[in-house]
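Contents: one structure, followed by commentary.
Lettered A, B, C and D in written order, each chain numbered from 1.
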């Protein structure tokens, strides 16, 4: 089972690479997405999922992230055929296999219990994404890809250095060098503190780059701005979640090793800084896709902030991981539709999306309300939980700053979103793109999840999140 | 309700409804005396009113029923306010909060008077209405500061208690003097007397009250004039009531004191009108603010 | 029982716009169905409130709800019922009015959307006043805010509407964030997620923070000066029956929040009440002063909402003061005054907005200086508007007078206090309220005069036509309600007693206020008016008509009438220190000056001189910070290196 | 064999300075290739003998870092038809000085990290940090895409040196996976460089600044 989650998408990828038909190849995506989702549901139903002698194992945190990735990929895979049918001018011979490899590698990240293996998988996702970003083949997409690749690779290289430092911390303590997660957590109190400390900094910066925490976020606006909506969704929802999972693994080790105080302070500081940077760049933002990228920076900040606050904050943060991923899916996919219909990413050209694309426009607007934490949408619950944690656990100032940042972000983001959806659409219509079932239904599906999680958190989901929180806090 | 109170109420009503024009007569007589003239008889206002009431009327084609509602409201509100004023510790209508009703009744009258002025579509009457509402908004706080002083002293918001002599501390006297002075200014402003307005002027551009009723004629104008005199009478009675509040509960003494007090006020108004000139319009607000200050100071004095 | 009924009403109202989405766009069935549904829902909601007045249920409904921190706790006590009744009553009238005002055939693009969110707005408000759990309350609160945003921006093709919509959205969000902090703090202090503040020391830092957050968060929604900046535009730009619902009901949700939060504090510090009283007074005076300067009928009405919210806050502040000094009668009078004024303002403001809507419907304009003489063309609307105008000025014999009288009684009681010196700080309030009353009178004489009296100032006004029955009906109902409360305040005393019980006040209102004397005075006033009218009528029957005399000027024209700006000019000048009016007065020179026109306007000084400039400054500062992302990948890598080095050096 | 470790590391540091100081791109690639060879030798010497794992890793390192990657870079260089790094963001002499500073700091920083007994006195950690720092410096101060790729390689090499201390932690297939990732990364970068040079008629990455705020 554990192995199947990785191998099935790889097999589909091979099939896609081998398949000659440009027209039928995209349909492998929903097929694989469905199978993967089914496998995920099966795996979540089982108490113990492991393979290759403990190298792959689905722990409580992994279960949560796997569920998120799988659902998000499923929605994207439903969207993909309709999208690629519109993009017949581009070959999807690389695109489709890369998406499938991406799915395989994210599953591998989630499952791998060996930190070295996890690193390999993360670097692999970086590489698999490069062709996806480059899909449009114009000058801007080349630039975005180059920046993404260079900065991402450098960040991940730092993470590798950090991983080695961590292994050395064990070696120094005479524990023998193992990079198995469980070993490290168990032996953490005996690890060499200076090495552990340095390792955590390196890993934080490294995987923080991958997550897109400020000030390592600089690739994000470029990459998200140029990526097709479906790629943006997977980057902002799935990949960042995986990077966050990697960060959490090291946080657990650091916390177990007595560096909890430092790690929390660092996370609170960087979390708030990320939100502030996002707020600054979202103000008067004229490119609505870049705006989404900054929103992603902001939410990465919220995630680490929640962990930094600890206690209830961890629960809030992990709940937010789910909510953010799904909501980002709504935003990126609907923004992709709007981009297609107007041929521009600038709020100066794009007006009246609610009229030209009633469904995509409405979903984009609703997604905005959701992502900024309005009830009754799901992110409200998680953000409010984090505020509650901050206020009740002696971080009142942090809580106040958090709310201030949310306000700044809301003002900035609201300006851009409203400019896009309201008003009369311009006369010029580049492609005559209109909402259709294939490009709207997957977004509506994600939106339904956002609303559902906002008014009712099913016990299964609640258990998934609270188990993961307990796991991260070392209570399980 | 006993027969005695019924009789008292009837007397109250008839005095307050019948005597107001006489007050105007006294004022005019005083002014004439100051000017060295004989002047019209004190009953002249009654003759004017009767004459007007018998006349026919012409209404502007621009106007509607609102135009006629102005005089009606002016008379009705002032008459009802008269019922609220206690004499000898008794008013026909009295309850906790009647002081507010007293003030607001005049506001209701003002609303319809100004609306009637606007109904004509005339530039002059609009101008008069604008002045009326502007100055009375400034007069209102002065009145309420005064009521507050009385309210604190009597621990009540009923005119009955406010004007009934209680065991008020001696230091209240200073406050009461200030209040009476302020209310006298309010009285002059509310009734458009000098120095706020000159009832005898012939230049519409400088008028306040008179310019609002330019288009009223005949019975309507009569009602307006009667209503105005009623208002003057009632407000003057309030001031007299405050000044002479400790004259006890004997109706004869109280009524006598009231009437002589009213006479004094009328003479006072006549004196003011004879020795002062009308203020320039732009200085009117300053005087009203000064009245506010006076009565506000009355409150501050009570905080000692 | 009443809880279940209230929830059913909310659910039905929320769904009322849905069937219309599936019915043909052109037909009338959709709008009729929506109206019928919402009317049914509203009947149920009002019934729930009445039941709760009669016998408030001690427990309410409490069910588990699977969201973090959430529980489906619903209870209708007197305070909730006050607001519940108002929400559903006015919402129903607004919906009926909408049938005539916003006909689907005339608004095929946005009619269905408007009705959908109108229903949602009603439901969200209903939910929030019965919710007893913070998460449920916030859900209702924010759905209300968003639904209101979506109804305000019904005509989003107009740039001005988009602007005010954005401003509203930002303002309401800021308020919501304050509430996030408020409830989080409450949770931290009490460990519970309801409004129960037992265990929070009112004077302590947490209590202070809670009060200030409530003041800011709820104050923004209520439109308390200086947090009102979103209000005039939003009320001006929404479809008029939505403006009526917003102005009449929605902003009161802020008052509900304040009243509900404050109810938990049995011993608030003195300065809480003092602050609320002062803010209320400032809000009332400046609100009405701004209103006088407006040319736009709906903006004018919107500023009066600021004024009336100020009066309501004065009442609440008085109640808090009463608690602080242990004076139960003060609590009763302040609270009863505030809550009755909540109802009254809802009634007469909705009436006035609906009247304004009829004017817009009949003439197509809401510029005061383009109207005039409508009384002859729209007699019913004019009479109903006049009732609203008299009521809002707080004049007898209508309802506004009654609630203001309660507040006055409280203020006088405060000043008459026997102990301490604190009363002197409240002495400014009654004269301020009197000033407000006088200014409101000035403003509504001006508005009524400019719209309905005199001669038409434009072709639009000349061609005006009376509103249809669907629009007049709701207005008649509102006017009748105003008259009822004004004439027989004893009718609403049980409701007020029941609401005061939520604050722990057990004294019946009738023992503190001479309710039957108010009725007597009102009846006497009506009798006097009738008598005087009959007398005058008997004399002027058969009189002749001629043009206005106007001091003998021979050729009067409609343009020579005193305009609304000229009427307001003196008062605006008196308050220029706060209003900062903008005037474009040409300088006339020489014997034959060229054609010139005077133009004056009173924009919102706080918005234009404080809020927008600081937002712009922040925007500029943020743009100045953008140099850190100039697209240079080398620099980006440098940031990573720098971060790494700094973090390794730090600790 | 262990005795050879420190001399090899010193040579590695010298190559770092060479990379910082040269402006000719071909020499830069050669320097990078020589670092690959040095790493292979280091693998053998640290493992203290020729085990199967060490041999495989060394072989893979030589093959990829000294042959395949330099070949790819040389091809890219030929296609772009340029030879020199002109006008770096920070000049060559300052770069060298910074490099020296970085190496010094690495030595200082490494002293704060306690070493395991078997590595006592070894230059492994400072050399690793210094090489990584050199790579970072090249990345952040050079304009040409190819130089930046070389910088990235140097960064990876530094990390690789650190990995030498951890024989057991990184099983063979993970080690190979890391190398494979590196090659694919360079390959993808090569492709992108090709696109850049075609699209922009230059591989000056400071020209890639149309995406900005």
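In the analysis below, a residue touches a chain if its C-beta (ideal position, glycine included) is under 8 Å from a C-beta of that chain, and two chains touch if they have at least 3 such contacts.
If you're wondering where the values come from, they're calculated on a predicted model, not measured in any experiment.
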item: Subunit B reached from subunit A - shortest hop count over touching chains; value: 2
item: Label of the chain whose CA centroid is most distant from the centroid of subunit C; value: D
item: Separation of mean Cα positions, subunit C and subunit A [Å, integer]; value: 43
item: Between subunit D and subunit A, distance of the C-alpha-averaged centres to the nearest whole Å; value: 30
item: CA centroid of subunit B to CA centroid of subunit D, Å; value: 99
item: Centroid distance [mean C-alpha coordinates] between subunit D and subunit C, Å; value: 69
item: Multi-partner residues of subunit D (each touching 2 or more other chains); value: 136, 139, 148, 205, 208-211, 213
item: Two or more partner chains touched - positions in subunit C; value: 626, 629, 631, 633, 637, 648
item: Of all residues in subunit A, the ones touching two or more other chains; value: 146-147, 150, 154, 198, 221-222, 281
item: Chain pairs in mutual contact under the definition given at the outset; value: A-C, A-D, B-C, C-D
item: List of subunit C residues in touch with subunit A within their complex; value: 65-70, 109, 135, 138-139, 141-143, 145-146, 153, 156-157, 159, 162, 165-166, 169-170, 173-174, 176-178, 180-181, 183-185, 187-188, 615, 618-619, 622-623, 625-626, 628-629, 631, 633, 636-637, 639-640, 642-644, 647-648, 651
item: Residue numbers on subunit D that touch subunit A, as the complex places them; value: 112-116, 128, 132, 136, 139, 145, 148, 152, 155-156, 158-159, 162-163, 165-171, 174, 177-178, 181, 184-185, 188-189, 192, 195-196, 199-200, 205, 208-211, 213
item: Residue ranges of subunit A touching subunit C (in the complex, touch as defined); value: 146-147, 150-151, 154-155, 158, 197-198, 201-202, 204-205, 209, 215-216, 218-219, 221-222, 262, 266, 279-281, 283-284, 315-316, 319, 352, 354-355, 369, 372, 374-376, 380-385, 387-388, 390-392, 396, 399-400, 403, 406-407, 410-411, 414-415, 418, 422-424, 454-459, 462
item: For the subunit D and subunit C complex, residues of the former touching the latter; value: 89, 109, 136, 139-143, 148, 205-206, 208-213
item: Complex contact set, residues of subunit A against subunit D; value: 114, 116-117, 119-120, 123-124, 126-127, 130-131, 134, 137-140, 142-147, 149-150, 153-154, 157, 160-161, 164-165, 167-168, 170-172, 174, 176-179, 192, 194-195, 198, 221-222, 225-226, 281
